[in-house]
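Each of the next two complexes has subunit A plus one other chain: subunit B in the first, subunit C in the second.
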Partner chain A sequence: MTEPIKTEVAKTEAAKADLVNLKWNGVDIQAEKGSNLLKAALDNGIEVAHYCYHAGLSIAGVCRMCMVEQDGNPRAFPSCNATCGEGMVIRNDTPKIKAAVEATLQFHLLNHPLDCPVCDQAGECGLQDYYMKHGVYDSQMIDKKVHKPKVQDIGKNVMLDAERCILCSRCARFTEEVTHTHELGILNRGDHAEITVNEELKNDYAQNLVDICPVGALTSKDFRFKQRVWFLKDVHTTCIGCETGCSVKVSQNKNGAYRVKPVYDHDVNGHWMCDDGRNIYKHVSSPTRLSSASENINGLFVPVDELSIQSKVKGLKPKYILSTGLTVEEYAQFFSSLKGSKVEVGLYTLPNLGADFDGILKRGDKNANLRGAKAAFAAAGFDSTQEGLDKILNSLSSNDVVYVVIPEILYNEDHFNTLIKKTEKAGMKLALTPGETLSTLRTFNYLLPVPSFLEKNGNIINHQGLSRPLRAGLNYGETSKDISYYGKWVNV
Partner chain B sequence: MKNTANNKDYALLSYHHIPGVHNIDIFERAGGYETMKECFNKEPEAIKEEVKLSGLRGRGGAGFATGVKWGFFTKDRNAKKYLLCNADESEPGTFKDRYLVEKNPHILIEGMIISAWALATQKGYIYIRGEFYQQAMILERAIKEAYAKGYLGKNILGKGFDFDLYVHRGAGAYICGEETGMISSLEGKKGQPKLKPPFPAIKGYRGLPTMVNNVESLAAIPWIMRHGAAAYKQWGTEKSPGTKLFSISGDVNKPGVIEVPLSTSLKDIIEIHCGGMRNGNKLKAVIPGGSSAPIFNAEDSYIVKMDYEDVAAKGSMLGSGAIIVLDETRNMGDVLKWTLEFYHHESCGQCTPCREGTGWLESVFKRREKGQAHKSDIDLLDKTASSMRGQTICALADAAAMPTQGMIKVFREELETYVSASTKK
Partner chain C sequence: MKSPEKSTEKTPTTNEPFAFSAANLETYKELLTRYDDVESALLPVLHLAQEQTGWLAENVITYISNLMSIPEIKIKEVISFYDMFYDVPVGRNIVQVCTNISCSMFGGREIYQGLLKHFDTGYLTPTRDGRISLQKMECLGACELAPCMRVNDDFVAITDLTSAIHKLEELP
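Then we have the complex of A and B:
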């Protein structure tokens, strides 16, 4: 597995000459010379309260939570705006700093509505977390709080509650620095300052705003009021939405998956992911998803025993059309089960959608594991090209049984339908589908459920040739995690 | 003792008695721009050294030595850089720069040209407070005159030195008087101070080195260059040399702007230069350095000497030299209320302690109007103010917290009565 660790190691070794030694609260830490002081602490596992600092954005220095003291410097300063130097002695556990952090937290909460019971951020909110760690004071605020607009739909499934906002400016900086679309800004002065929507969100990365908001000011319309975060478990996996292969975590519980968030991956996606990737989990726990082997009886799919299907396909010549969504391990297992048999195999690749690359993360090529598929085809001596696929399609006859692996996410159903049409000549048609039961599948004789990306362990290769893992989360329905599934039908 | 204010031999208002001195010809006849011409024959480093030797301290309020600040500036003469004159005089009680430029705009322009030559800045801006419309027009006219004489523009006096000067009017935000807030505003952004470091001398306007100096500091340069640092040091103390403009407002017979040597006693300023207390009333308190300076009671006011170190030793600050005199008829609760209203209104809203704190401080007084304030609120004021101090990007939070704490220290009882007198029982 070529994990990102490999490149990270190479990098650290190159930079080792520039490492400096610091002391933070008496703990010796090392960091790259001139790198961000707050980041150095966070990277070394030291907890420093902060709201406005984000490693993927510029420095604002406005929340005033990460204040530190340095030996020989009479003034406390924010660590987010300082750089690491040799021999620095930094403390943020002195009585002075502790009192300052507590006071600043109190200022943060002064006009905050404290509507945690109905707030979706509850459980992962910076205000809650730091109040328990650094605050726990008795509020002295008895005046009327400043009111600002609530429940604003600002587009792209993002909701804004200006009262909950602590004006850390992360969101405004994101639209300025990452997407360059400038939809958000801060209007007015003093305690009447609020996030303003210059125009409705139009960028394809809007859900990141929800992630970077340290409080409940920006929430996802898709996730709102669906689930409490403390009932969810994150599974670290990889997005299968396009060939970029962003590292993501999928929050799930026994009832299904609820949301997808990016995980920092230095080599692939950095801190972000696109909005399309936020939807990749939806088919997994969809009620229309195929849960057991089914037989097509006059257009109605009725659950059927797999053994009876096996008896029907016996004697027919198997031909496979694979999708590009299998893992490297699944391809390997599949091709190894072909040994000795005369099976024809083709590869269906999804057509490009939109621009080849949008300059940030999103790519037009939606085949998550195209590299892995091509390598596996080549290694086994099969043709993975469109010509190869056409040859199989043109040679189909009533003696053939064609197995079509349905792509997990079908962006363009029409394109796929033309493929299905070409399989009409086959004597028997079986679809192996990890996703929902589509109307186009009516032409198949049998449908077989296969695991979705959230139900299998394995690796996929992204456009850079980097291997990224898919990890099985909680099990859904009747689908199996057995990767021999695809090859099982070869020697029936 | 004699009234020695506005002496003709002093540095800043020495031309002010000449009628029509805002006109370049009259200014030149009185000796204006001569120093500038001399300075073009001097090494820029020598000018910087002379300013450093003079011990001139920045007159904007912080009192940081101008020569030292110049020392941080890049010495690469070809690098693109800016000279920015801070004329955004908005501290309540301060009106010295306004008086200086409206009578004699050329002394500032001369000072800026000399400074530009010393610092090798190719462009200069005078960022003037938006409300000073008249003064901005006066400066515009004076700049036009200086261009016509060839003192500004390309290849000044054949020295191969270019300097363009522009007037930029602010839009009325107090915080744009803070140097990085001013730079943000000049860049066309929201007037919000920037994080330091980097300091403007390294990375300022448009990300290039920028020297920001107060009007009064720049206007003192021609005198220092003509008469030398030693002559400048005849006035004031070792640490606060020179003369200073004071803008006196409040309950005195003759409020206004005066120029006196630093270290002149506040008693002399009130009794001699300002003609004593109005209506013969008793002095109650003095705010010595603009609304952000902690207040002095009558006793301290009569013994303090107006220089940076003595005012600081007595727990306040000289600031911009705005002396607000309050007599016995004034209620300290009202004074603090108005001060806090101002800072609440002017907080830019960037840093949390200031954004929320300034509003919270004022809220105590709002509560009083509803009859809901209590004596204990004064402790709350004190505590809130103390947690705002030293926590923010710029000094606005401190500017609100310092007078609050100062007022509580000196007039606690009066404030307690003030907030609780109207409490509904």
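Then we have the complex of A and C:
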């Protein structure tokens, strides 16, 4: 139970003989023998109110919302702390359970402030949801609510509002069990109990706290007050921040993307993702994002017609330097358009940043689709190594036109600048950039916009060799269909 | 009246490093043998540390955290949960006044309020001479002595505010 990933493995690998039959509210369900009762219900699409239970954390049993009754058992008990057995008959729709959940929710709301209109969690808040379902609408409180510190910046872009907290202890368990950094704990007792941070948050996974907080106690400094959640739509895609390739959802509307949250992916990232991955969308709707083909006129980029660029590069020998952030489909399309033409292609690999692996998810290798790139290069007979790239860079002359695909996220601009410096010998320099107009791009003669990861459909292959999809977000659909933008310059 | 050098005697600032005395370190090792795991020994170890320093400052918590390999936040959780651990500087003598049912029926609450007024202090705040810290408590488990006080380690039966003040003025 403490390690859900293991139970998942067991579930996929163990024989089906391990399954037991249960009856939940009269509905037959199946679950693995000895697995968590609440999880069995949730996996089978049965709604059970809960706050403290999280499949990625240990069992606390403190919120008392998931109470159930079992046939032959006179006492109601929390289902999160029970295990599945053959022939169990469970109900959570009896008057007794309904009354228990109602009463429990009243206690949860005792000191909870009524600031939903200004709370960032509104719309995806456990308290709101269950209040609509199980709430006693007239407050029986005669005493004043206990006030606790609000708007505390506890580091790592997380804001803590102790008043809104219902003490489910998910966050404390997260820092204890997942990151092992032990920053959060519940200090004091009874009414005065509140989540407190020891010094400040120090782990690289702090934004997960915002995700697992069932109420508005922990909110993201980056996202808060930017957008109401009901105006956002989630697009399920893959993080391009490093070679791990976590499954994520990007919340966006017609004005752009607003936040990135992890999606449960048993084989890759489990329930979590790192803080660095939360920033991968920022260049997509950045005001400095390149929107049309531009010509460099004395350091200023002025929009220009693509046809006029084509006339300029005509007759020059094209040389390509691709990035590792393209999709498998884009590489395939690019190399198929090279057939019959003498084009040199190299691969720019992002340098490692930090430790190779931090023990949880984050990896030092920041090349999102290095496996896919290498496979595509090998299949087309090109050299994807640094030596291959150096050979191209050293052979550049004024008869050459060099096309550089700018990596979507540049962690180390200095390293990239050394590459750009080496391209200076080329007669014409074009950059295909999915990101912002960086100052380092001043040495290029022309800039060409290409879709970012949020504007294209395709697959990338992570460090395990698993293929994970990139999906085009809202309003970006048209560019995603045509993926010839890299190859169309080959035969100009 | 003011003697700040005396009141700081038992209240080290957080800058000073804290360590168990040699005798206490022996006691600590003995305490560990009483329990199956290290975490279980936390309560007696905290009492031991508090005996040595008077209150549990940040540096004491850091020391115990390193000594027992327990995260600081866990120790803070324990300290803040129990009334008998002090995370603020306290006076040389701790005076706990019971205000639970039996004692409050005999005027425990009034005695506590009266003492606060007499010594011109607040909950746990040491008096200006650093002599006494007053603490309002729930049941001390000595209802037969009601209204009752606990002065350091001894129960003291009192009859009213005057006798309480009289008892406390005798304290060193």
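We take it that the second predicted complex is superposed on the first by the 469 of 492 C-alpha atoms of A that agree within 3 Å, B and C clash if a C-alpha of one lies under 4 Å from a C-alpha of the other, contacts with A are read in each partner's own complex, and residues count from 1 in each chain.
Heads up, the rule we're going with is that a residue touches a chain if its C-beta (ideal position, glycine included) is under 8 Å from a C-beta of that chain, and two chains touch if they have at least 3 such contacts.
No experiment lies behind these values; they were computed from the predicted model shown.
> So in the superposed three-chain picture, is A:L167 touching just subunit B, just subunit C, both, or none of them (first/second/both/neither)?
First partner only, subunit B.
> Check the residue A:H182 against both partner chains and state whether it touches subunit B (first), subunit C (second), both, or neither.
Second partner only, subunit C.
> For A:D143, decide between first (touching subunit B), second (touching subunit C), both and neither.
Once the two structures are laid over each other on A, A:D143 reaches subunit B alone.
> Examine A:E69 and indicate which partner it touches, taking first as subunit B and second as subunit C; both and neither are also allowed.
neither
> Would you sort A:D276 into first (subunit B), second (subunit C), both or neither based on which partner it touches?
In the superposition, A:D276 contacts neither subunit B nor subunit C.
> Which partner does A:N198 contact after superposing on A: first (subunit B), second (subunit C), both, neither?
second
> After lining up the shared chain so the two structures overlap, which partner does A:H108 touch, if you call subunit B first and subunit C second: first, second, both or neither?
Only subunit B; A:H108 stays clear of subunit C.
> Applying the touch criterion given at the start, work out whether A:E344 contacts subunit B, subunit C, both or neither, answering first, second, both or neither.
So A:E344 meets neither subunit B nor subunit C here.
> Applying the document's definition of touching, compare subunit B and subunit C: which contacts more of subunit A?
Of subunit B and subunit C, B contacts more residues of subunit A.
> Where on subunit A do subunit B and subunit C both make contact?
After superposing on chain A, subunit A residues 186, 188-189 contact both subunit B and subunit C.
> Could you please specify the touching residues of subunit C with respect to subunit A in the complex?
71-74, 76-77, 80-81
> If we count contacts the way the header does, which residues on subunit A are in touch with subunit B in the complex?
59-64, 67, 75-76, 78, 81, 99-100, 103-104, 106-108, 110-111, 140-143, 146, 166-167, 186, 188-193
> Tell me, which parts of subunit A touch subunit C in their complex?
Subunit A residues touching subunit C: 172, 176, 182-189, 196, 198.
> If you look only at subunit B, which of its residues touch subunit A in the complex?
173, 190, 195, 197, 344-353, 355-360, 363, 366-367, 380, 387-388, 390-393
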